[in-house]
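Letters are used for the chains, namely A, B, C, D, E and F, taken in the order the chains are written, and counting of residues starts over at 1 for each.
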Amino acid sequence: MAENTFESLLVISAHAGDFVWRAGGAIALAAARGARVTVACLSFGERGESAKAWREGKKLDEIKQLRRGEAERAAEVLGADIRFLDAGDYPLVESPELVDSLVRIYRETTPTAVLTHTLVDPYNGDHPAAARMAMNARILAQAVGYDAPGDPLGAPPVFSFEPHQSEMSGFRPDVLLDITEVFDTKRDAMRCLGAQQHMWTYYEDLAARRGMQLERNAGPNLGVRQGTRSEAFVRHYPHVTDRLS
Amino acid sequence: MAENTFESLLVISAHAGDFVWRAGGAIALAAARGARVTVACLSFGERGESAKAWREGKKLDEIKQLRRGEAERAAEVLGADIRFLDAGDYPLVESPELVDSLVRIYRETTPTAVLTHTLVDPYNGDHPAAARMAMNARILAQAVGYDAPGDPLGAPPVFSFEPHQSEMSGFRPDVLLDITEVFDTKRDAMRCLGAQQHMWTYYEDLAARRGMQLERNAGPNLGVRQGTRSEAFVRHYPHVTDRLS
Amino acid sequence: MAENTFESLLVISAHAGDFVWRAGGAIALAAARGARVTVACLSFGERGESAKAWREGKKLDEIKQLRRGEAERAAEVLGADIRFLDAGDYPLVESPELVDSLVRIYRETTPTAVLTHTLVDPYNGDHPAAARMAMNARILAQAVGYDAPGDPLGAPPVFSFEPHQSEMSGFRPDVLLDITEVFDTKRDAMRCLGAQQHMWTYYEDLAARRGMQLERNAGPNLGVRQGTRSEAFVRHYPHVTDRLS
Amino acid sequence: MAENTFESLLVISAHAGDFVWRAGGAIALAAARGARVTVACLSFGERGESAKAWREGKKLDEIKQLRRGEAERAAEVLGADIRFLDAGDYPLVESPELVDSLVRIYRETTPTAVLTHTLVDPYNGDHPAAARMAMNARILAQAVGYDAPGDPLGAPPVFSFEPHQSEMSGFRPDVLLDITEVFDTKRDAMRCLGAQQHMWTYYEDLAARRGMQLERNAGPNLGVRQGTRSEAFVRHYPHVTDRLS
Amino acid sequence: MAENTFESLLVISAHAGDFVWRAGGAIALAAARGARVTVACLSFGERGESAKAWREGKKLDEIKQLRRGEAERAAEVLGADIRFLDAGDYPLVESPELVDSLVRIYRETTPTAVLTHTLVDPYNGDHPAAARMAMNARILAQAVGYDAPGDPLGAPPVFSFEPHQSEMSGFRPDVLLDITEVFDTKRDAMRCLGAQQHMWTYYEDLAARRGMQLERNAGPNLGVRQGTRSEAFVRHYPHVTDRLS
Amino acid sequence: MAENTFESLLVISAHAGDFVWRAGGAIALAAARGARVTVACLSFGERGESAKAWREGKKLDEIKQLRRGEAERAAEVLGADIRFLDAGDYPLVESPELVDSLVRIYRETTPTAVLTHTLVDPYNGDHPAAARMAMNARILAQAVGYDAPGDPLGAPPVFSFEPHQSEMSGFRPDVLLDITEVFDTKRDAMRCLGAQQHMWTYYEDLAARRGMQLERNAGPNLGVRQGTRSEAFVRHYPHVTDRLS
């Protein structure tokens, strides 16, 4: 297939930490290849994912500031630009205005791939809300008649990254991404997130477990390896390719 | 990922024509890249997919001979080796012996990708039977303790090719393979199948329709194109990759 | 659509009672319209559905004779021919020979509609086994190359009748058949089945409950009614029609 | 069943063209039988489905006028009344007010069958939004306590017409409607839609393909036919009938 | 497991009658054990489930008063506190304010189990709306950062009670609750609901039918029983236990 | 509910190690409560799950002996009786004879709960084969007319234990069993399985991960805990209970 070589990754994250835990490897890998990576952070996770800060008695504005700083540092480590839409969390309320903001980001960044949450998560209502808005905005951005700056979007593939409780969210991995070579970067980015320190080990272990699964599914063409690290994704549209592998 | 460059495609087909209609493009594409392609044809489709010959008054042996000849010519056009297991059709009966024959073919050809039928087809019981045997044999071939020549198999990806009635068979395309550049070869191969002449146009149209779908899903990186041809597949195991695209 | 008026109903039943409880109304309705109705009874339900007789100390042959007699009387009341394949139950074992017998019945009776069990029933393994054989035999009977007397079969619609525990068997009714006018006949037929007397009330109640559901779904065109009786079915292939209703 | 003979078809369409491509045959067939047919068009498809007009530099109001004119002509050809709710598209935003407008149309037209979009369409968010509103309004219209003119609605059956990408939208046909005798009318109606000229051939081909599928599923009672044309539908509530066919 | 013995049941009901028909046994059983039981009644069912009163010519306010009285009496019989949120029905419109009210009830009552509607009900849009709000509010109540009185909620299990048309709502029972010993109480509570008198017998029959199903699934440890009465539920989160039974 | 206190657990395992990795905690827990626990081991896993021994050059008989010894020691540590049916693995072939053997074990052990594999496992065909036989044998054992010693079985609940790749096998946990207090015993039993040493750490980690999930789902009634260990199960029949928890 005639491909151009421009690569732009757009990651739409409900809260300040999600893009790191769930897609930090994918981001670092793309950035390392020279891709443009943009994280659209819909909220700071100030109410729903900052329990430690609340228990320490911090105020809402302090917590938002704290989470923003953490997320900025993590994005920098991963090699991504980050934008905060400050839409509030718990609940993250869907609105035409918020979707419109996402359309404008799509038009501006012209992603070649999009990452977001799953459409189902019985443990967190903000995650599906973010995913629905991400997917609706992508469709709107494709219409020449939609009133926003920029050209109509093409049809970039969309991937859901892994939710916290995979089976309960109907998450059956379609793609296992090999992030071994950038795993140290992901670990460094995770350690920027002091507000959720209890997650560090959990997501290190998950990367190793998905790595073992990758080895189990890698076919005869993966050289012998040890210590593979991986992130899992679900694909929403057919994979367009010129090779079955 | 450290990949070796050997490519071997194994296509497990219930009847003599299936591999042509449903995977002829994938075969021609791989062969054109220099891959080894092997078609394991479980039956000749002598009872279930040779209505024209029966109506012309031909006998069973003649029909088997006829379909064998057609399949051999089609395989040659596509660039594949073909083997006939002559297991009978309508019904194709599953047996440990037939599965064992497939294990031996797996061990010998060491496929890097496997193509077969869907596990569901309410219009044809032989197709799911072939798919179940193909998938079971692949698992057995992976075990060092399985008593058959050759080394234990790796974990080649498995794809179901498209059944005749996609929605009724639960076929939701995961992969759209661009076969434009080899479509003339597929057309030539289809025309070797005189016993099923009514299918020629149907599958030419399908290739164009899947081609339009490919363009609709191709994202911003596909150059402007006309007349794309495609085959659709469903993937059974996670896609192992180092790039989300 | 150009329709011919011949109507032939084929009911494939795992045990001697199933066709009465689950499809007695459909049978009586078709027979009352002058249709040919054939019941193919794969076993007598001698082991799995004759607990009362076993508890009374009867022997296997006596029980088979008893259930045969009951089923013959019920079929006569409903207006159907009945054939016993005496294949044994608990378990009803699938075999190519048994499927071949069904192919021959298909070819002979040329059904315009087929009724059988559901493909899922976690409380009874014989029911799905009967359904799989019924559906496979129908496909084989369609092939001109299949070696059995008679012409190749057309494509009669197939319906699953209601299992004992509907939700657990994934039974979501597609069709509610109004059996009000023949319900007395069905009741009479049920009362022929002395070996399963505990079911009489259960299936009378079910007919009333499905009747209420029919009224709830009947749209504006059903006249005001009371005491509607119904049987529920799941359809396996698309409904071919010239009117959406 | 005691049926009255009044027939009223209500088609709820997100955009100006949808009712033609997806249900033009069903509309023409009902109209030809003397049924009342009403199309409720929620938007003109002015932003999302008028790419050609935007590319030609037309303005929003011009485009709405253009699409309205096309839709009116197509409806006239098919024999339907059409009403425009002008609710805007891309996105079509669900609201209690819009649902209330639909309730009033239900109460006024007292449909005996309802056609609308699928509840899933990953390529177009307006389609599921229209379907959800169509289905919710139907339920509200049934309540005697709902404050709108007219009598409480009965329970007309609801059908989803075919989306553009059937498998990806989980569209498994339940009903194949024979539209052969009105296909010329549907073709004429499609040709009224100059803004979407690229769809004409696509939907002519689809009608032929669904026609072939109809023949394959028509059972032994369809006379020998050539050139059957069909539209496919999914049924949302059980089919109430007095005959299994 | 270290358990404390406090038991608090929260039932979130769309309309005034739902909690009685669908969960009256569960409520009476918990109350009989000394549990605190709270019913949050989102509407009175004044429009959608009071057809008899509308047909008698009553006005909206009268009907709301009537249904409130009935619900209060039923709750008293069952042993529950009841609160009316008076949010309107047909449609019951989801809003952040209504969800916030539920969060406050969660925080105040600290339920150890939650009962609500199913997430799917093609016959009633208010039921899924209530279920979505019930589930979202539970998640919000768990967040320390959510601004409402009380401590963050734990993770009480959530159960859907049985919808009117189980199969059409995808209701596959996970739990069969033995309500035999409190069934007289449930019957008395149902009889408080004069506005829906046609339901009394229906739900008495359902309790007997679910009772028979319970006996069928009860394993070898249920003593011989007659006249078991049961209610069915679907569980939304894994059952945490120290014994498989 | 009137319960008798006899407890008997039957575990049907395809290979020698499965019952330890996947259900060792459940077994140890039941045994510690004084329950009778019986493991029916259909094969030794001699071909499919003994790669290390094959690579060391051992012969088939040696390997079977080796795996038998390991399994006996593990069963003893857990407190279970173990029986070997020596039916062969890779493939484990279903047969009426093998099912009959299981019926006899059911009749003899009269289990109050049954554990076996999942019905789906795309990585191992023996696991679903074992599950199908386990479930079919349970149904046969319930029939008074089935010719085997002992009384007809009741209806013990059936649970699938966790497969190696949960999401790919459609394993969505219904039950999280708290095995913390017997986890040391499970660890000791795992260490008896020298042939699969690479699994020890994997299943220790899994127990901790499922333990964290248990804490997340445990509701407000679980005391504060650290280091919870758990096993996950899927339930096949409704849970019969007198308390929603």
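Throughout what follows, contacts are C-beta pairs under 8 Å (C-beta built on N, C-alpha and C of every residue); 3 or more make two chains touch, one makes a residue touch a chain.
Treat the numbers as computed from the prediction; the structure is a model and nothing was measured.
Graph distance from subunit B to subunit E, where chains that touch are one step apart, equals 2.
The chain with its Cα centre farthest from the Cα centre of subunit D is F. Look at where the CA atoms of subunit C average out and do the same for subunit F: the two points lie 38 Å apart. Chain contacts: subunit B has residues 123, 168, 173, 213, 216, 237-238 touching two or more partner chains.
Under the contact rule stated at the top, the pairs of chains that touch are A-B, A-D, A-E, A-F, B-C, B-D, B-F, C-D, C-E, C-F, D-E, E-F. Within the complex, the subunit E residues that touch subunit C are 123, 165-168, 170-173, 202, 205, 209, 212-213, 216.
The touching residues of subunit E, counted against subunit F in their complex, run 1-4, 6, 9, 26, 29-30, 33, 110, 112-113, 115, 153-157, 159, 173-178, 213-214, 216-223, 225, 232-233, 235, 237-245. Considering their complex, residues 46-48, 50-51, 54-55, 60, 63, 90-91, 93, 122-125, 168 of subunit B touch subunit C. Within the complex formed with subunit A, the residues of subunit E that make contact are 96, 99, 135-136, 139-140, 143-147, 152, 236-238.
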